[in-house]
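All chains are identified by letter, namely A, B, C and D, in their written order; residue positions are counted from 1 within each chain.
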Amino acid sequence: MTTLADFLTVSMVLLAIGVYGLVRSRNAIRMLFAVEIIISAANINLVAFSRFSNPMDLTGQVFALFSIAIGAAEAAVGLAIIILVFRLTGDVDIAALRRLRK
Amino acid sequence: MAVTDIWQMIKRLAELSFWLLVPITLFGIPAYYALERPIIQPYVLPFLTRLMSELMDPASLTFKVILYPGFTFVVIYAAFLVLIERKLAAKVQLRVGPQYAGRYEGVLQSFADMFKALSKEVIVPAGADRLIFLSAPIISMVVAGTLLAVVPPSPQSLIFDSPVSLLLFFSVISFSPLVILLAAWSSNNKFTLVGGLRALHQLVSYEIPMVVSTLGLALLVGSLSLVDVVRVQERLGLPFLLLQPLAALTFYITMVAELERIPFDIPEADSEIVAGWVTEYSGVNHLLLYGGAPVIKLYAFSGLFTTLFLGGWLGPPPIPPDLWFHLKTFLVILSVQALRAIYPRYRIDQLLRIGWGTLLMLALINLALTILLMGAIQVV
Amino acid sequence: MALDFTPVLLMAGFVFVAVLPLILIPAIFAPRRPTPIKLAPFECGQPPSGTARVHLLMQYYPYLLLYVVLDVISIFLFAWAVSFSLLPAQASLPLVAGFILVLLPPLGYTLLMARRRELW
Amino acid sequence: MVDPAFLLVSGLVVATSILAIESRQLVYGAVNLALMFLAVAGMFILLDAPFIAMFQIFVNVGAVAILVLFTVMLVSTERWARVPRGREFWAALGTSGLTVLALVSIVARTGLADVPPPPAAPTVGPEIGVVMLGNYGVALVLLGILLAASVIGAVALAKVEKG
């Protein structure tokens, strides 16, 4: 029998992997991967709580829908920024972004 | 067929069975006893007998997946569809088409092609990404085959029906641009890359009008189950083609574009970019990407069109429902194939503008009309 | 688990199993005689020049961006469409109409920008 | 006894997400990200939410992963395609490890492990539409505005302005 804690564990591990990726990578695209992983962890949490607390109340699932939609919008804008940076500096390294401050 | 031909065939078969029997008796039977049957007796034999008994039973899932509405049926059907398409295009262009394989009008040409492809060298170009390059044909076949699980030939012989079937179909086809982009990139060739990008933009642009054009049906039916769609058409007594002509038109055009067929065969434009994103594939991989997956997809899309707009398996009783479904699907497939002989090719920017401008607007107008229709029904 | 997706997985798995021999038979029996010229990328008979993985075309990038967002919208519309009869039309229609109308300006803007070829 | 389907799906989720972060080539990372989205959709199916699962596949595998892959191929140069394993590795591992420890200690204290799943029918669309438009209609329109703004912003950012 799968319990709530099992789903929460998976989502926690996903969050940890996402945080690890965010801290470690200097590549902007890789950081976007990490953000997407964190969003997925949050979605699993939303749906899992919705399923286990009160299955008749679908607020959690609707929030997961909204969250996925916002994740898609975030990816679109994020990738556009990455492309802009690439066109300006010829690189997607985060260190390259620092040069833009001037 | 002359008598000598039959005699020749019998001799051939006898020879073949002799060469099959010799290794079995020489090695197979001794091996069977030498192994003391440690694996075969307790595990393999019950599994095999169960498999065989399920393959005999048309109601079982195994039968459906493996034999009838599933893979085997569709592969054989697809082989003949390829032949029909070649003969049709040849007749329109005053040629004869395949002529020799199978003695009568080349009926076995597709199978001959399959064996030819199997015996050919598989070339992986230098600098290609081996893993992605070699797995792309398999993935594209799996994606095409998974679509078959959703298409319902009749309520008795459907593999999977759920209240999210229509969405499942769209989700599965949204994999194909990903596979195409990977295949194109991994080949390390400029033509494949150009073809892959064209395919990506085309598939992506026509998916939205396709999805939006089915919204009207979802409104009328109130469910995304394909069986429910047909049931509602049964209750109404008329196919949705008459109730939603705009949606049917949009769906048909987007379907042809999603299949990369002739007025929209920009990704594989063989007079411009060699063979598009399949340029570097050879042998059996070419067979799967060029002859296998697209034809299975053609069947699946035509089946979906039949289910959504032509009333699926509905029809007067002397003909069984499955046959009705296949008759209608065959007509849809034939109409898509006939386009090939008639139309020239669009340019990619024209195509994108049509997709995002005209077709999307048509789909939205259809949605508005459907809402008005629903309002009229509620008033009456 | 009330809704069982096993048939779909079985279908995908069987296709995979059925395709495997098609891949394995040529791997074992087909000839394999690679030569440098045979392995070179095909460029219409010309000697291949440069790498193929150069920067991709960005000409049609706005259509991709549009796709990502309209994809989301269309599924939201499905959720509305199947629940149409369960909700009072006066309540849900203005919301959905607003939802769609809000998206027309970006659609127009993107199509306009996509037409100006010099921008990409 | 844990459900084998759950074990399989969760293993897939974790493995693909690690590969997405750690794989040498960025293209493989993007492919693994797509597989991760697919596995998360499997998670939603296990949670009796097939509609969300289909939405997840359609949006994330069908659109976001394609956009990511396209961008990866667009900006791909061999110079940074390989990620060096530097000193930050241990810092990153430590940070994420601490996150997991903190969260595990919180969850372990709440006793959520014993909560049995209440019986429920899978949600397939109509119910979600009712809640979404009935209770969160304004949020939906706001979401529409957000999406519209994101399209305009992304297009305006990505285009080249020549003097």
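In the analysis below, contacts are C-beta pairs under 8 Å (C-beta built on N, C-alpha and C of every residue); 3 or more make two chains touch, one makes a residue touch a chain.
Please read all numbers here as calculations on a predicted model, not as lab measurements.
Shortest hop count from subunit A to subunit B along touching chains?
Step count on the best path from subunit A to subunit B: 2.
Using CA atom means as chain centres, which chain is nearest the centre of all the protein shown?
That would be chain C.
If I count C-beta pairs in contact for every pair of chains, which pair wins?
Most contacting pair of chains: A-D.
In whole angstrom, how far does the Cα centroid of subunit B sit from the Cα centroid of subunit C?
Taking the mean C-alpha position of each chain, the two centres sit 17 Å apart.
Centroid of subunit A to centroid of subunit D, CA atoms only: how many Å?
6
Rounded to a whole Å, what is the gap between the Cα centroids of subunit A and subunit C?
Result: the chain centres lie 21 Å from each other.
Specify, in ascending order, the residues of subunit C that touch 2 or more different other chains.
Correct list: 3, 5, 53, 56, 58, 61, 64-69, 71-72, 75-76, 78-79, 81-82, 84, 100, 107.
What positions in subunit A touch 2 or more of the other chains?
65, 68-69, 72-73, 75-76, 80, 83, in rising order.
Hey, what residues on subunit B touch two or more of the other chains?
162-164, 167-168, 185, 200, 204, 207, 222-224
Under the stated touch criterion, can you name all the chain pairs that qualify?
Here the touching chain pairs work out to A-C, A-D, B-C, B-D, C-D.
Across the complex, what residues on subunit B touch subunit C?
Interface residues on subunit B, with respect to subunit C: 61, 64-66, 70-71, 117-127, 134, 137-138, 141-142, 144-146, 148-150, 159-160, 162-164, 167-168, 185, 187-194, 197, 200-201, 204-205, 207-208, 211-212, 215, 218-219, 222-224, 274, 279-280, 283-284, 287-288, 348-349, 352-353, 356-357, 360, 364, 367, 371, 374-375, 378.
Which residues, counting only subunit D, touch subunit C once they are in their complex?
Counting only subunit D, the residues touching subunit C are 5, 45-46, 48, 50-51, 54-55, 58-59, 62-64, 66-67, 70, 73-76, 120-122, 124-130, 132-134, 137-138, 140-141, 144-145, 147-152, 154-155, 158-162.
Can you check the complex and tell me which residues of subunit C touch subunit A?
58, 61, 65, 68-69, 71-72, 76, 79
Of all residues in subunit A, which touch subunit D in the complex?
Result: residues 1-10, 12-21, 23-27, 29-30, 32-34, 36-37, 40, 43-44, 47-48, 50-52, 54-59, 61-62, 64-66, 68-77, 79-84, 86-87, 90-93 of subunit A touch subunit D.
Could you please specify the touching residues of subunit A with respect to subunit C in the complex?
So the residues of subunit A touching subunit C come out as 65, 68-69, 72-73, 75-76, 80, 83.
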